[in-house]
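Letters A, B, C and D name the chains as they come in the text, with residue numbers starting at 1 for each one.
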Amino acid sequence: MSQLTDIDIAKQTDKKPINAIAKKLGISEEGFIPYGHYKAKIDVKMNKEDFEKNKGKLVLVTAISPTPAGEGKTTMSVGLADGLAQIGKKSVLALREPSLGPVFGMKGGAAGGGYAQVVPMEDINLHFTGDFHAISSAHNLISALLDNHIHHGNSLNIDSRKIHWKRVVDMNDRQLRHIVNGLNGSTNGVPREDGYDITVASEIMAIFCLSEDLVDLKERISRIIVAYTHDNQPVTVDDLKGSGAVTALLVDAFKPNLVQTLENTPAFIHGGPFANIAHGCNSILATKHALNYGDYAVTEAGFGADLGGEKFIDIKCRTAGLSPDAVVVVATVKA
Amino acid sequence: MSQLTDIDIAKQTDKKPINAIAKKLGISEEGFIPYGHYKAKIDVKMNKEDFEKNKGKLVLVTAISPTPAGEGKTTMSVGLADGLAQIGKKSVLALREPSLGPVFGMKGGAAGGGYAQVVPMEDINLHFTGDFHAISSAHNLISALLDNHIHHGNSLNIDSRKIHWKRVVDMNDRQLRHIVNGLNGSTNGVPREDGYDITVASEIMAIFCLSEDLVDLKERISRIIVAYTHDNQPVTVDDLKGSGAVTALLVDAFKPNLVQTLENTPAFIHGGPFANIAHGCNSILATKHALNYGDYAVTEAGFGADLGGEKFIDIKCRTAGLSPDAVVVVATVKA
Amino acid sequence: MSQLTDIDIAKQTDKKPINAIAKKLGISEEGFIPYGHYKAKIDVKMNKEDFEKNKGKLVLVTAISPTPAGEGKTTMSVGLADGLAQIGKKSVLALREPSLGPVFGMKGGAAGGGYAQVVPMEDINLHFTGDFHAISSAHNLISALLDNHIHHGNSLNIDSRKIHWKRVVDMNDRQLRHIVNGLNGSTNGVPREDGYDITVASEIMAIFCLSEDLVDLKERISRIIVAYTHDNQPVTVDDLKGSGAVTALLVDAFKPNLVQTLENTPAFIHGGPFANIAHGCNSILATKHALNYGDYAVTEAGFGADLGGEKFIDIKCRTAGLSPDAVVVVATVKA
Amino acid sequence: MSQLTDIDIAKQTDKKPINAIAKKLGISEEGFIPYGHYKAKIDVKMNKEDFEKNKGKLVLVTAISPTPAGEGKTTMSVGLADGLAQIGKKSVLALREPSLGPVFGMKGGAAGGGYAQVVPMEDINLHFTGDFHAISSAHNLISALLDNHIHHGNSLNIDSRKIHWKRVVDMNDRQLRHIVNGLNGSTNGVPREDGYDITVASEIMAIFCLSEDLVDLKERISRIIVAYTHDNQPVTVDDLKGSGAVTALLVDAFKPNLVQTLENTPAFIHGGPFANIAHGCNSILATKHALNYGDYAVTEAGFGADLGGEKFIDIKCRTAGLSPDAVVVVATVKA
């Protein structure tokens, strides 16, 4: 008998409607926005006092130095949450959203595997609820505002050779890493060197995951340094008068996404910065929601304990005022 | 008393939940996928016989040669559908989705105005149900596959100076119109001239709006000519083995979107190719759904009667086997 | 017996030392600077009164609309001058210098052919006396000054998209026609679109051929418009403070070159602007020297009578105060 | 009384006609080609046996680690040669030609200074006898052949991202250091990254200075590796069938230049590779001529003893079969 693939397993399993999952967490009809039958965005303004009152236990899953094959952190996290549920605990997952990029590149999806998956797997691995599209649009709007400013007289005196804000695309596209744009005469921008990073490497992605609320998000966006002037003075998104429009593009995306495991354990999947260049874990908002609605919130930090684990503690926990109650280190013989 | 803005009017008005709108059309719970409380995607496999049996009357709204201010075709369409409903007719709208591009540029949104609007206006004008993001991703995936092929040995012998498939972005960004990419050495692609069109000018957008079903869509995608070889032979998406992955990115987007007018008339808003370079009207699928569920389907063609009107008749009607039962020509003194 | 090639004929023939040719014209030892044994530059300050006193007859050789093969204007000019010498007239040639470019491209040299050649043919077709190298250097020095100015703060407010001064190279090199330069960060110039013309298309070449003396040359150089500011004001070489250095590079080149035909008729070969984009004939200085030292000065205008011939009359003759005493129109059956 | 500048001193001094200098060395009229009255190229085929028979003493001038101001190696070399002449020795200089580049940049000329100069200083610092123009043309002809080959079908399978042969220009022009060329469609080459080095950094310059004769020069040129194929096989000038044409452009330049010091000591000035990236001393041919015609040949190596001095010994001496009889190390308090 041949082994079932992840997608076979995912398709065989009965998912519960997302309102049943929300109900399990005690979220009312008004508290979530359905995105199809099995995905939702939570639309609850979380009160600081409520959060302090209802805070569950935080379990961090990390790993020893990873091999290219992956050590199974996500699988372990899903299994752990499902196991806690099996023994009667109210457990909730808080995980990162996968990038569209690696899906069409080499790596598999990032929704676990085998019987320890988060579903609907195909949706999660493709457009999901559009968060990464929104982040890409918000990021690239800043680029467009920047180039538009230079094109129209450059009153901020920006040195186009000192622009540190590259564009992003949610796809592995090496052809775009280094480009020259603004070509073809004076009506098509100003020639300069530019390039694309992958969306998960966007500073917007990092900020998105570290912000407490929309006000905080907008404030952080306004302070981003995108370039330097000919006099080496920093130029921010605020200088470009872009904070409002950029934040507007992120309003929906900023709401945490709710899905379920194959065993119907609730899972918040929200935000996904790279661990190598950013802090590599899901949004603070998702973690706080998981802690608020669950007795145990199981979350994960990218890469090994020495990189992603440290960043989780040093960056995310400090920013959010959190500290893990337990840490699981996944170790494999291979690694 | 100062005049209310479009957005003020939109906010003052009570929207009905989208399931009520779907119910009005006779669509069951299983027949639609909610995207929040006021948007849905229709998930009904339309049978050719059903469609032939239930076909309503098709009303085309077009205009005399337009001025930059716009002549009010959308407002007229919305008003006409609402008026038909007021006199007891089962009327349904079929309109184009607006581009994110112009929203952040000069032009206003494309959801009508005053008391003749389609809502939720802000959603429709921003990410809506993610269709344009999906189309952009699908389009740019072809570019990435093409460049990847050239990078890895170029067995198809593509002449990189004869690539006619530019990338797209759903934003007015003049800096990207003409670029050189693939720079910075042999690990970062192959240098070539490229550029970005706006997403509404994508050939994927045009094909998307002309396809009968997913099989037809995939077939049309596979035949797209993206480049020529050094021997001037055409290279298609099929040659790049990209049809499947590209279509996969469009599966959700391809389902027609359902919203409502301020007077709760059902409106299908789906697809939006430019009228200047493509055929300029909403998807055939949306029009067919409108004709199937309504006695009167009110639809619109971009630009004037001499451009968009002709394209509607010559391209869309022929492809879809439709013909308008009535044509409304909007005329203003200014135009 | 096989036919002799041009180069065989040229090598078989005895050339006279260049001082013998200079002596024939009545030029003293101090009046010329030898460049090897068979080339010289004339270093005589020509007085306006002297020139008016000694003016010979000016014979212009032109042609009907040319075919790609060439109609033989140069061969005709050389033959005519040699013929006049044979019947005892003191005849002198005034011709254009050939470009290195076509030599390594498709076209043959430009020193006549058969028994009607100017020699030393190989020298003339390669570096000759370095005039084109000097003109290329002078031209490109302006480009370097311009880019240097922009790099160091751009106090003239030059719009780098409105630079109309391309670089030049004395070679057919299509790869350089359209380039982007100033790449690789802020220490390597400012990115902009640029390109190379062939040296014979340089405005310096045209000016060089129309100038009366070095003062006039410098004055004309100073007035060249190289770019426009962001406010659409013209920027000249004078604004870049480059006239002196640019002229300095041209001091030697500006002296007319003296060689001989296979029959030892003196020939001034000096300057060579393209007839399609400039006026297409040798320097005014060379023509004036030919008229001063000869009873008959035979000269040539590029392309056909309707293009090069007209430019000779309208531009060169007016600027120099000349008018041809006779015009020869070369006609072939093929053309 | 104000101090005289180098150029004032140079102008005040009587130069001897170049044929007098040649005569002093025992070179017949046929043995040299005048380039004006004070410069010549030596046209003597030097026989190996003659050279072995007549070899003088070789004196190398080098310096301790240099400061930006220069330590005076050239001035010392000139002074030493003049001094040897003063005490009745037959001394001859062998020096590098200066680049046009630094002349229009920051550094002064490279013909010595004060009363220890080589003249005609202005000629030497500008176009001189055209050697650098010829080397630039020869170098860039290889680039043009390479790009032409790729444009016309690329039968050698060259990977345009692995071209290590940059173009050169004899000018300090930072704007050209990094460029993209071959732009503007399929008739204008193939887009690729390229850039310009300064002519003194050309591999042609280095080879030129190390070659025994034209046959050796052509052979060395043919072996230059300019690029690699997609299979990482080297591509040489010989593969491009360029050795003949490239060498043809260097025939005149390859003849050593003869000038004089202010005290009429003969000086061979020929070739000038950078000491930082090449071996930094004049041509082997010039040194051999100096050794052949003089009892003492005074020559110089660029930069300090630890760089230029070592390269002189390790590279030039080994290649040419020479060894210095005396070494002078210039030391200044500042350095």
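Operating definition for what follows: contacts are C-beta pairs under 8 Å (C-beta built on N, C-alpha and C of every residue); 3 or more make two chains touch, one makes a residue touch a chain.
Everything quoted here is computed from the prediction, not taken from an experiment.
Using mean Cα coordinates as chain centres, the one most removed from subunit A is C.
If you average the Cα atoms of subunit A and of subunit B, the two centres end up 29 Å apart. Taking the mean of the C-alpha atoms as each chain's centre, subunit A and subunit D sit 61 Å apart.
Spacing of subunit B relative to subunit D, judged by their CA centroids, is 67 angstrom.
Looking at subunit A, one finds that residues 180, 183-184, 190 touch two or more other chains.
Chains that are in contact with each other form these pairs: A-B, A-C, B-D, C-D. Only residues 33-37, 100, 104, 126-127, 130, 133-134, 137, 140-141, 143-144, 147-148, 151, 169-184, 187-190, 194, 245, 248-249, 252 of subunit A touch subunit B when the two sit together in their complex.
Listed in rising order, the residues of subunit D touching subunit B in the complex are 153, 159-162, 180, 183-186, 190-193, 230.
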